[in-house]
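First chain written, first letter: the chains are A, B and C, and each begins at residue 1.
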Amino acid sequence: MLNPTPTLKSTLKALLYLAPLLVLTAVFILWPLLNAFLICLYTKYNYYTGHVGALGWANFSYLWHDPVFHLAARNTLLLVLVAVPLSVALALAIALGINQIPRLAGFFQTVYFLPFVTSTVAIGLVWNWIFRLDGGLLNRLLNLLHIPAIDWLNDPHYSLAALIIVCIWQGLGFNIILFLAGLNHIDHRFARAAELDGASDWQRFTNVTWPLLMPITILVIVNTSITNFKVFDQVYVLFHGAAGPGDADLTLMVYLYQKFYVENQMAVAAACGVVFFLCVSALTLITVGYFHHRQRQLGGR
Amino acid sequence: MQVTLKNITLAYDQQPPILTNFDCQIPDGQLTALLGPSGSGKSTLLNLIAGLLTPSAGQIIFNQTDVTATDSRHRNIGMVFQDYALYPHLTVRDNIGFPLKMAHVKQAARYQRVAELAELVQVTDQLTKFPQELSGGQQQRVAIARALAKQPSLLLLDEPLSSLDATLREELRGVIRQIQRTTGVTTVLVTHDQEDALQVADQIMVLANGRLQQVGTGRDLYQHPANLTVAQFIGRPRINVVPLGQLPAAFKFWWPTTTPATTLGIRSEAIRLATADQPHLTATVTQQIQLGRDVQTHLQTAMGPLISTAIPTTTDATITVTLAPAGCTLFTANGHRLAGGDRNA
Amino acid sequence: MAHPIRTTLWYLLLTAGAILTLLPFGWMVITSLQPAATTLTATTTWLPKSLQWLNYWHVWQAAPFARYCLNSLLVTVATTAGELFTSLLAAFAFTHLRFYGQRWLFALMVALMLVPGELLLIPNFITLAHLHWINTYAALILPWLASPFMLVALHQAFKAQPQTLYLAARLDGASDWQYLWHVLVPINRPIITAVALLQVIGSWNAFMWPLIVTNTDALRTLPVGLMTFTSDQGTNYPLLMAASVCVILPLFILYLACQKYLILGVTASRLKG
């Protein structure tokens, strides 16, 4: 039991406990993972018969030349580049606020986290109703400010903005919780010491809190980016299964879904999935690298 | 129950062996202490007996049964750990009753037995509390009660006192002693603290560097240490060790000049103020410390620094001291005590 | 520390943010109580004169919501329970048992944590299609029963417990199986509740996978059913909002009841890197 080296007997016993997870992992994660990389190389693939014409890079070259895919990539990038900084900055501000106030911190935390537990589909319908040209809440509020009504869901200039609003609204709570955990993690003695050294509030934030919060911030940024790379439900619900006016809200995942489920181009969809996977992996690896580097800097293991 | 370890070897790949061809026997019905510095292999030995470790070679025998391959669950052993290892989610009652529950003892019978055990370790008024509400001493009592619940034929105590403060240690030593007497269960206590062993054990096994150095009572170990390691480990302050060659000529007539011994061990109480007719040596008092009842005197002599506990408080800077033969032991170059080398035999 | 003006400003900012966060929920509830089919013509008022509670009744009449609900409940419970079961067993093995390839296997599990479910969508669909499992509960549940994330989270928690607890239990006569269920699981209840809650939320709200593998009312879960309902009802917003309330409400209640566990789960799961 304490022996550090395994024996045949202990291995067999462990296998008994591991078997359910291992079998399911093999069938539903490992095998499909390998398969995903195989399918994206299938050319002239007939899904119904399982017939594969040949292996090759044709699907990737299809994506390379497909203007619709370009649009999807552009939209997704735009979504990430706009939504992520806004979401992270807002979350940080709110977390700092919750951390500062003497009362009601728990209440605000509860409120801000609500969207996280909310069904995207259900609340997406609500947003669909809020964004409506006639009778929608948002235009009524704009009307109060004497701003002319905007057809959020049918005007290609605004429909991506609408999607971004929904994504920020829904992702905020999660980031706030992470930032709050990070702030709690910072030793109060640092702040107290800085205060005794005569640092102003702003100096204290830039010199103490912000650098110590850096790892969490990186984590939140990467996490939010990945989440926004995956946006699908929101689009589907906001535009009732379509991709917005003139495909203005076509994201990578919506493209994948359309190729896969609507057009039955499995191999192209799989290639799109692989591209998506590589983007997300690159992001993750950069973070892992950063944390390794940092740990070495701090003299850790 | 008598426990015999036969030819035990424990080694892992690419590491020096922890135990090699180790033999020992733990007598039935007694409290045996395994005493040794950290890293001496004493906890390893306990884990081997408990079945938590499997030896690479050798046999573990309980009475006449070879249990080397027996799972620890079926060895009928009670064990108490240094960190108590109480189940934090169970009350004291359910902690003590846990082994009985695992043995499918009915609740009524279980609680009956728990009440008896609680009485024995004096935690009856704590039964409905949770472990984290108890003091360290109380937690250790509960741990002992739990270890005794299924009436084990062997009770193993792994450094049970080392996380307690001095007063509680003292108290718990008494508890352990008394419980062992009452139940008569064969008990092995692992400790690095000689006072634990000296106060509690019927028999002490001194371990160092993975080897059994000596087995005996506290008196044996102090007065007739088998080797320098034991001599240095037992007794506080540490035995004074001087090369025999540096001993002033005045003392040399004690032993034949042909003695194979190279080292002399002098107990602190054997260094006394010399009277005029005794062989003596001159010493400078570097420090005197009052340690409760005793006075520890640090001396600088021609043989090097010495510590004495038999010199009364003095203001003199230089004194003459003598050595009482009863506290002197000779050791050979390889550390063994020279047979007949001590004068107190 | 107390700086009255700044504190007031923080409160104002936080309150404004809270109102914006709650606005969609408020708008949803209010609309759901408006007279049916009038919202697009008449102006929705914040406090309508007569609250149309009957809208909720109409929703249950207009679509097989009871069925959707049952499906969601079944899928959520089965997925969460199954995933917990496989992860608990494996996390125990990784923590207390020694076996060949242990480090290698654990590294693999950590790596698999990074694989997004979206990548597996197509191959999993093809596997299930070839097994003729599309439109079955198996398709909704089985692919989600192995979760490297849950395994790693539980393993971290188990590792933090003193090993002597395991040794003590073994000597007290508990088998590995008994130790797992009588000791390890009860003392790790907070983290287990936390990861289970995350899974419940994920399963209850899951959309893309159920959308792809179901196409009959008998198997649709609530989110997918709600989408179907939307295509039928068009712009009857009061009914749609009433249906949305029904989908959201169960998790709201669960969240308010178990908030601290959920927050523990979120922080424990993401701050380990």
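Heads up, the rule we're going with is that contacts are C-beta pairs under 8 Å (C-beta built on N, C-alpha and C of every residue); 3 or more make two chains touch, one makes a residue touch a chain.
Please read all numbers here as calculations on a predicted model, not as lab measurements.
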{"item": "Chain at maximum distance from chain C, centres defined as averaged CA atoms", "value": "B"}
{"item": "Closest chain to global C-alpha mean, per-chain Cα centroids", "value": "C"}
{"item": "Distance from chain C to chain A - Cα centre to Cα centre, in angstrom", "value": "16"}
{"item": "Whole-Å gap between the CA centroids of chain A and chain B", "value": "60"}
{"item": "Rounded Å distance, chain B centre to chain C centre (Cα mean)", "value": "56"}
{"item": "Shared-contact residues (touching 2 or more other chains) in chain C", "value": "167, 170"}
{"item": "For chain A, residues contacting two or more additional chains", "value": "1-5"}
{"item": "Shared interface positions of chain B, touching two or more other chains", "value": "52, 72"}
{"item": "Residue ranges of chain A touching chain C (in the complex, touch as defined)", "value": "1-7, 10-11, 13-15, 17-18, 20-22, 24-25, 27-33, 35-36, 39, 47, 50, 90, 93-94, 97-98, 100-102, 104, 108-123, 125-127, 129-130, 134-135, 137, 169, 172-174, 177-178, 181-182, 185, 201, 216, 219, 223, 226, 230, 232-233, 236-237, 240-241, 253, 256-257, 260-261, 266, 269-270, 273-274, 276-277, 280-281, 284, 287-288, 291"}
{"item": "In the complex with chain A, residue positions of chain C that touch it", "value": "2, 6-7, 10-11, 13-14, 17-18, 20-25, 27-28, 31, 39-40, 43-44, 85-87, 89-90, 92-93, 96-100, 102, 105, 109, 112, 114-116, 118-127, 130, 142-146, 148, 151, 166-167, 170, 176, 201, 204-205, 207-208, 211-212, 222-224, 226-227, 230-231, 237, 240-241, 243-245, 247-248, 251-252, 254-256, 259, 262-263, 266-267, 270-271, 273"}
{"item": "Residues of chain C defined as touching chain B within the complex", "value": "162, 164-165, 167-175, 178, 182-183, 186-187, 189"}
{"item": "Residues of chain A defined as touching chain B within the complex", "value": "1-5"}
{"item": "Contact set on chain B toward chain C in their complex", "value": "50, 52, 72-73, 77-79, 81-83, 85, 87-89, 98-99, 101-103, 146-147, 149-150"}
